[in-house]
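Read from first to last, the chains carry the letters A, B, C and D; within each, the first residue is number 1.
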Amino acid sequence: MVKLLEWQGKEVFRNYGIPLPKGAVVHSGEEAAKALGTQVPLPCVVKAQVRVGGRGKGGALRFANTAEEAQKAVGELIGSKFKDETVKEVLVEEKRPIERELYISLTLDRSKRLPILMFSAEGGVEIENVPDEKIHKLWVHPYAGILDYQKRQVAKLLGLTDAPAKEVGVLMETLWKIFQGEDAELVEINPLVLSAGHLLALDSKVTIEDDSIFRHPQYDHLQGDMTPLEEKAHEKGIAFVEMGGDVGVIANGAGLTMATLDVLLENGGKPGVFLDLGGTDDPKKVAEAFLLMSEAHPKVVFINIFGGVTRCDTVASGLVSEIKQNPPPFGIVTRIRGHNETEGKAILKEAGIGSFSDLAEAVRQVVSMEGQ
Amino acid sequence: MVKLLEWQGKEVFRNYGIPLPKGAVVHSGEEAAKALGTQVPLPCVVKAQVRVGGRGKGGALRFANTAEEAQKAVGELIGSKFKDETVKEVLVEEKRPIERELYISLTLDRSKRLPILMFSAEGGVEIENVPDEKIHKLWVHPYAGILDYQKRQVAKLLGLTDAPAKEVGVLMETLWKIFQGEDAELVEINPLVLSAGHLLALDSKVTIEDDSIFRHPQYDHLQGDMTPLEEKAHEKGIAFVEMGGDVGVIANGAGLTMATLDVLLENGGKPGVFLDLGGTDDPKKVAEAFLLMSEAHPKVVFINIFGGVTRCDTVASGLVSEIKQNPPPFGIVTRIRGHNETEGKAILKEAGIGSFSDLAEAVRQVVSMEGQ
Amino acid sequence: MSVFVDASTRVLVLGITGHQGTIHTRGMKAFGTQVVAGTSMRKGVPEVEGVPVFESVEDAVKATHPNTACLFVPAPFAKDALFEVADAGIPLAVIITEHIPFHDMLDMLYYASAKGTRILGPNCPGIATPGAAKVGILPNVIFKPGNVGVVSRSGTLTYEIVNNLTENGFGETTCIGLGGDPVPGTTFIDALAGFQKDPETHAIVMVGEIGGVAEEEAAEYIGKHVTKPVVSYVAGQSAPPGKRMGHAGAIITRGKGTAESKVQALSKAGVRVAKFPYEIPGLVRQALKA
Amino acid sequence: MSVFVDASTRVLVLGITGHQGTIHTRGMKAFGTQVVAGTSMRKGVPEVEGVPVFESVEDAVKATHPNTACLFVPAPFAKDALFEVADAGIPLAVIITEHIPFHDMLDMLYYASAKGTRILGPNCPGIATPGAAKVGILPNVIFKPGNVGVVSRSGTLTYEIVNNLTENGFGETTCIGLGGDPVPGTTFIDALAGFQKDPETHAIVMVGEIGGVAEEEAAEYIGKHVTKPVVSYVAGQSAPPGKRMGHAGAIITRGKGTAESKVQALSKAGVRVAKFPYEIPGLVRQALKA
């Protein structure tokens, strides 16, 4: 999931013709002062560019009436931390009069297996805090797109007439074009405001689906909300999640990984990192996983592999040769099951690596090693 | 059905990016000489712009190596008649080397209720003369459009590789865009040629659906293949067909009109004009129909109306008042059936207009009047 | 029994405030049809002919639960109206509107079928089950309940034939006007399947016309699946090739869709084919006796 | 009996010349599956693993009449391949390919349903009916014919569970891997309906995971329509909200799709819910005795 920053999302909006306030991305107070003299009129809004939500309450949004005020605000924001995220960029934007604040978004409804357009006359607050009955929903057929009657319906439910009623219809089509054209998971405008009688997007939230990056290389290097190690694993095609405990878990397949975690937690273990090798049980991936694991400094690593396509003995040999080459700085417990399980276990035993058949038993061993 | 002339179809092609030879539309030999000096290189092809087919055999296509030859050919063609159609415009086009002649078209398959793409490696002749097994067909889903595998399929069956294989895929998408975007009934390129290793459209046949003209006003005044009277009726929303005999038939609804004609012909009548008032039996339309009829100079007019929504007496009154105001120069036989039939017949009788219930009987009366 | 519409039919009229919409709402009510709601682009119209008017199909559906829509909306807006009907889950949409571009109709057809909505029409007179319900513009007076099912691509010719049947002592289970457009939502085959299944229908009258291959396909279907007697007439046996005979359906091109091929196919499938429309009641009498 | 695949299954492998395509063609054949044809973008490959290779699905269909397609084609080309399969009228397409953008999958789903093709997957291990046929990449050795139907969103976890069942003396009618992607072609409900109808299936094992509301919907369906005993496990009860647990399916957002809500819904529908995967054979034994 590539989560665009507000200004990056607004660049997309601009390319598709959505009306926006004038603004500039700056990295220092000086840049802000320069932008305010040329591109951006005063008074202005100074907005820290972070991916986490709740910027308003957290002081990441400031108002400035003069260039000096803006310069000062930018200076303070750049480099500051906001919910663990360091502010590297600030958006300085003209402050526009606001008559009404609305909400609109397009995302996937997994249940109906259809794109869903959500909109509300109660914009400007986190949509999670808007009561269900004030959020309207309509579904978009992937081939037919936005329909005219849906435009009338949205205008009516949002209480828009005349120019804004027409504008919201155009906006719906544009959001749809972005949603499909950019392979977005979410396109959200909150708030969408009525300003001087016209619609204007004051914020943007756009996330792009990972799987579509092959046709959108421009999003390839935009950071998501992953930790540096997660990022590194991501580049190698390994799902890797940091959780704060001190047991590293390596398994193959999302379901098996999660099941392993479930058993571990229930037995009092504290998972620190888990690492899903995916549907494969390629020994090379095991080696890569070990290197990543070392960087996460776990106390003990639990390897839970089901030998499906590849045989258990192949996996065990790969594992042993990797461990011999680079002796890992953590204890290892393995549970290997499936095809040629007996042979695999013999290989591990010879290398002095504990190996179990029973998941619960294996987990108890992991927890006991963790406690030492 | 708006049938575009070759050059009009090629204008559409040009707007959508289909590769074409250089050419110019001219109305005289002088214009041709001017175009050959600037826009169009020699040698060239001189093509009479008429809607009927078979131009090659009929002498409507000429070749010229010099500007003089071209000027002469244009001079001869302008104003000449080609299968009853007067040549008003001539297309002068550069002559390109031809390696292969192919056929491709998009139209509606009414049976499958899907657009159909037809293509053949045997282009350059009337498609009616190409044997069935050499015409390939594939169907296009209106929402999904041209699919990649279909492009590969077409390239393979046409024996195209390398650049032309890619070009034909792009061309298919373009034809589809024209077909949908211009509301075409038919988009045909015959021949589509391979010239110096690239695809090129040497001819165009594009017809636009009448019902879509409301969103394509640019086609509103392009003449189809109707006679002047048919054109006039068309403008009034009356279906009017000239057939060469001397009985005028007025009926309401296509089915009833055709059934009337069937009975008339079977009884030895010679229909000259028939006129479908449509699903309506609005008396005003009857008046307009009478005026059109007069211009077609029939010997006798047969009115066959079924009173459905409107009552027969209303129709009869309208008819009588119209006839009293403008006594028609032809005999009249009526058959009026349906709602309030008896009242309607009484009104007609009072005005001295013969009126029948039985279709066969009415038709015999028509034929006897025609013979007088 | 009957086909597609019956006494439980509840009609929503789209475009009820228009001239046609209003007239035919009156006609449908006079036929005994439950017309439960209308919609209109005009705002603030409370009712038409005693029928409540809503601004959207969704509102009308919530308030009045129609199961059939009748569209009188102008051609440029018909596609959107049909989408609205399909999204509201109404299973039958009768489209009276003429001059809908066939490209729109293709979109409508595939959208409706994905949503489970049957389209009858466009450019059709509608459907009537005497004694139960009528949806569309067919004249009320020509019908009588009976055991003949009628299906046709024509309008007035059908009225004429039904009138003739009724005058000759017959009555109809259901009369279905498919409309003459190139892309019909419901075909002869759909209607024939309905009549074959309907126990009250004892004979079927199928009125075809030149153009397309719908009659040939129907003939093939009859040969395989229809055991009830079918009587048919094909209009346009004398029509000149390449000329439009009133609407886009009735054109003969490239030697296809001729009356000859249709009559031949129907005869081969055991259909009694009338040479002239007024022969139909006699053939129906024969068929029912056989 | 079985669900979706049986001894009459004839498989066409798309992307048969690729590494995965070749390996798993061998695997499917070793399972006893009739693999009748393959396709490849590479030209001039006559056969792979004794299976004839064609340049297009149409050619393969004409020559070998497959009724099931198994797709190994790379994600960027999967959409077009599925269109080709659907246009060729193949009623079941098992998509192994992972990382297909969900926007593509939406197009594929609605195109396939219009053409009457069922999609299983994408990003799924496939489907196996022991003793009859396997389509996909499930390991051969874990299966035994029996009376337990297995349906799952996971891959290896399913292998583990099936292996465990088999080791405990059970066998499977059919094992269906739905895949973990956000837009699956076949859902729990489709599979449950199949098992409910299949007379040889006596108990059903349903392996869910966090994310989405598929398990909750399945629970509702079970409550209404499934009379056979169902045993379930939901993976990810300990997963932190907002984190992806390996694939796009397994994410908890906005308090929806939690393990709690799934377990609760399933329990309410009478499903025996295992706390840990290894409890499943015991619960199946209980269920079959009850």
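In the analysis below, contacts are C-beta pairs under 8 Å (C-beta built on N, C-alpha and C of every residue); 3 or more make two chains touch, one makes a residue touch a chain.
Just so it is clear, the model here is predicted, and its values are computed rather than measured.
**Q** Please name the chain that ends up farthest from chain B once chain centres are defined by their CA atoms averaged.
**A** A
**Q** Distance from the CA centroid of chain A to that of chain D, rounded to the nearest Å?
**A** From the centre of chain A to the centre of chain D is 27 Å.
**Q** Would you mind pulling out the distance in Å between where the CA atoms of chain C average out and where those of chain D do?
**A** The answer is 44 Å.
**Q** On a C-alpha centroid basis, what's the spacing between chain A and chain C, in Å?
**A** Inter-chain centre distance comes to 54 Å.
**Q** Return the residues of chain A touching two or more other chains; collapse runs of consecutive numbers into ranges.
**A** In chain A, residues 141, 143-144 touch at least two other chains, as defined above.
**Q** Which parts of chain C, given as residue numbers and ranges, touch two or more other chains?
**A** Counting only residues that touch two or more other chains, chain C contributes 107, 110, 114.
**Q** Sort the chain contact graph into one of these: line, ring, star, complete or other.
**A** complete
**Q** Would you mind writing out the residues of chain B in touch with chain C in their complex?
**A** For chain B paired with chain C, touching residues are 1, 108, 110-111, 113-115, 128, 141-143, 179-180, 183, 185, 209-212, 214-215, 239, 241, 243, 251-259, 261-266, 271, 274, 276, 278-279, 306-309, 337-339, 358-360.
**Q** Provide the residue numbers of chain D that touch chain C in the complex, in ascending order.
**A** 110, 113-114
**Q** Can you list the chain C residues touching chain B in their complex?
**A** Chain C residues touching chain B: 23-24, 27, 75-76, 98-103, 106-107, 109-110, 125, 137-139, 141-142, 152-160, 163, 180, 182-184, 207, 209-210, 212-214, 217, 233, 235-240, 243-250, 254, 275-278.
**Q** Mind pulling up the chain A residues that touch chain B in the complex?
**A** 143-144
**Q** Touching chain B in the complex: which residues of chain D?
**A** 55-58, 77, 80-81, 83-84, 87, 107, 110-111, 114
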